[in-house]
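Structure first, commentary second.
Chain lettering (A, B, C and D) follows the sequence in which the chains are written, and residue indices restart at 1 in each chain.
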Amino acid sequence: MVRKRQILVIGNNTNGCTPKHEKIAYDIGSEIAKSDSVLISGGLGGVMEASSHGAHDANGFTVGIIPQDDASFANEFCDVVIPTGMGLTRDYLNALSADGVIIVGGGSGTLSEACASYMHKKPMVAIKNLGSSVDPYIDGYIDHRKNIKIIGVDTAQEAVKKILELITA
Amino acid sequence: MVRKRQILVIGNNTNGCTPKHEKIAYDIGSEIAKSDSVLISGGLGGVMEASSHGAHDANGFTVGIIPQDDASFANEFCDVVIPTGMGLTRDYLNALSADGVIIVGGGSGTLSEACASYMHKKPMVAIKNLGSSVDPYIDGYIDHRKNIKIIGVDTAQEAVKKILELITA
Amino acid sequence: MVRKRQILVIGNNTNGCTPKHEKIAYDIGSEIAKSDSVLISGGLGGVMEASSHGAHDANGFTVGIIPQDDASFANEFCDVVIPTGMGLTRDYLNALSADGVIIVGGGSGTLSEACASYMHKKPMVAIKNLGSSVDPYIDGYIDHRKNIKIIGVDTAQEAVKKILELITA
Amino acid sequence: MVRKRQILVIGNNTNGCTPKHEKIAYDIGSEIAKSDSVLISGGLGGVMEASSHGAHDANGFTVGIIPQDDASFANEFCDVVIPTGMGLTRDYLNALSADGVIIVGGGSGTLSEACASYMHKKPMVAIKNLGSSVDPYIDGYIDHRKNIKIIGVDTAQEAVKKILELITA
């Protein structure tokens, strides 16, 4: 078995991504690389690009699963690109590819990925206080089934530390 | 052009579906049929089955888009079954098949369908006070893009009347 | 159980569709309608449009499962449109939605749908002598597993008669 | 831009895979690794496993895009696993992820992947004389559009040399 842990980072695309989001995402990417895990993302801009950039600068390995059918739409920090040609439906593939998920802000797309991850019982942590559509569910459950709690954390370092604990548990 | 309006009804599967949900869903199906629209659903139990049942009893036409790869998993009130073999990823196809969406309670799957519908700017109405995972977003927007507001309503009749208005507008 | 038989018609899109293909496809649609079955197609031009047209003129019911994410791309003879937003990957959904498949000419897309149908053991008939990419496999098996034989026929009437027999068997 | 060439290897799953297929697939994996390309496969047995094994032994990098929704179904030589939960529909994602495709025998699934690759104009080479369902199309075109010719070759070394030429051209 050669497969490393695969950690999915989700959050705002270019639209809605502030320098604060980018900084945290970059640091999360860096920590993921240092933990010798593979970073999975949606392969586009904003949090996806910043986290891939951080992983790349720390000699990590990154995969971008993109909506388009052509790899050239991915950001430049993806080592491997999976062009799905499925539009936003690819959000579900992101969730399925994750051993654990880190949420950095984000709107409706991020919330849909969190739902998909929840349905498939993937461990999730979320950075608090970033104005995310996931906020109503941080430190709680998305529904009555109580599949998995989304754990709120404050920093990039905490996020990666916590998700590694949850994956290992 | 022969195509009729396609109205998607989403909400709890068998798990979490109360008699109250079922009654409302049945009535929504009935109203959809009377409006000469096609009812689209996820084709399984709970709200999906009750709404299809209601449409069927009112001589309507129903389509079930199901996660499995075999039509036999659909409830008995689906006139046409689309077995996707894609698991819960089929939630996105439901959203894409809708001219408008009616939400009756529901958990993480329903919330993910609401997100997909929001991203594709589909008109949405939701029955209020049913303990839905969509509740934090009723009469508001899922994110900062303000694509489409989820309109809260109280009854099955109101739900169908409102969604028809929104589709026509 | 209200569901009718669902018969998928596949073949050339506008590109490569001759008047001969169109005539046969139209007649197949007509026969499907007369047999009280639902016609499923890929919802675009050529054989898809002609067969839907034929079914429509004979008061049948038609479903178009299209690659785009917007129903307006379907031909005007689809009663229900399922916009998948998945590009040509929707070929697999067509196959899964079929109780039986009728092949009218066609190139690489049609061959891929035949392969998907074969893998899911759907009964198939093909009109002979239309220069189809499926030709090497007519009256034979696509591979060593011998899942299902593609039965060659000469006319629209024969095609529908045969597929109904195979579905019932 | 950090992305390396992504070469897809397709062919028989365990069922139908002979030692001859395995040997060639293993050698192809090895050559792909030596060319510093990423090997993409369907992540299961037979040709998929043998080629990933070969790449792995030559210190290459491998990705498995699998039908199931759980990474544990992949063979042990996949560095990254993309569990699609889409069943055989994942064949299209394999094709989209390829800069070029190498065909080693194979039945209906392989033929469907070849069709998908053809529709998306991906360069393809095929090992000759392995009893593949793709055989009728080797050194020819799958349909009248003449998108891309499937080039027949005799050895693993030739296959990788040729696909690299075609990708670069």
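The rule is short, and it goes like this: a residue touches a chain if its C-beta (ideal position, glycine included) is under 8 Å from a C-beta of that chain, and two chains touch if they have at least 3 such contacts.
Only a predicted model underlies this, so the values are computations on that prediction, with no experimental measurement involved.
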B-C compared against B-D, more contacting pairs: B-C
Matching chain pair for C-D (criterion: over half of the contact pairs shared, by residue number), options A-B, A-C or A-D: A-B
Distance from chain C to chain B - Cα centre to Cα centre, in angstrom: 29
Interchain centroid distance [CA atoms averaged], chain B/chain D, Å: 40
Junction residues of chain C, two or more chains touched: 69, 85, 87-89, 92-93, 120
Contact set on chain C toward chain D in their complex: 15-16, 87-89, 91-93, 107-109, 111-112, 115-116, 118-120, 131, 133, 136, 142-145, 147
Parts of chain C lying in touch with chain A, wherever the complex brings them together: 69, 85-89
Touching residues (chain side chain C, partner chain B) in the complex: 1-4, 6, 38, 56, 61, 63, 65, 69, 71, 74, 76-85, 92-93, 96-97, 99, 120
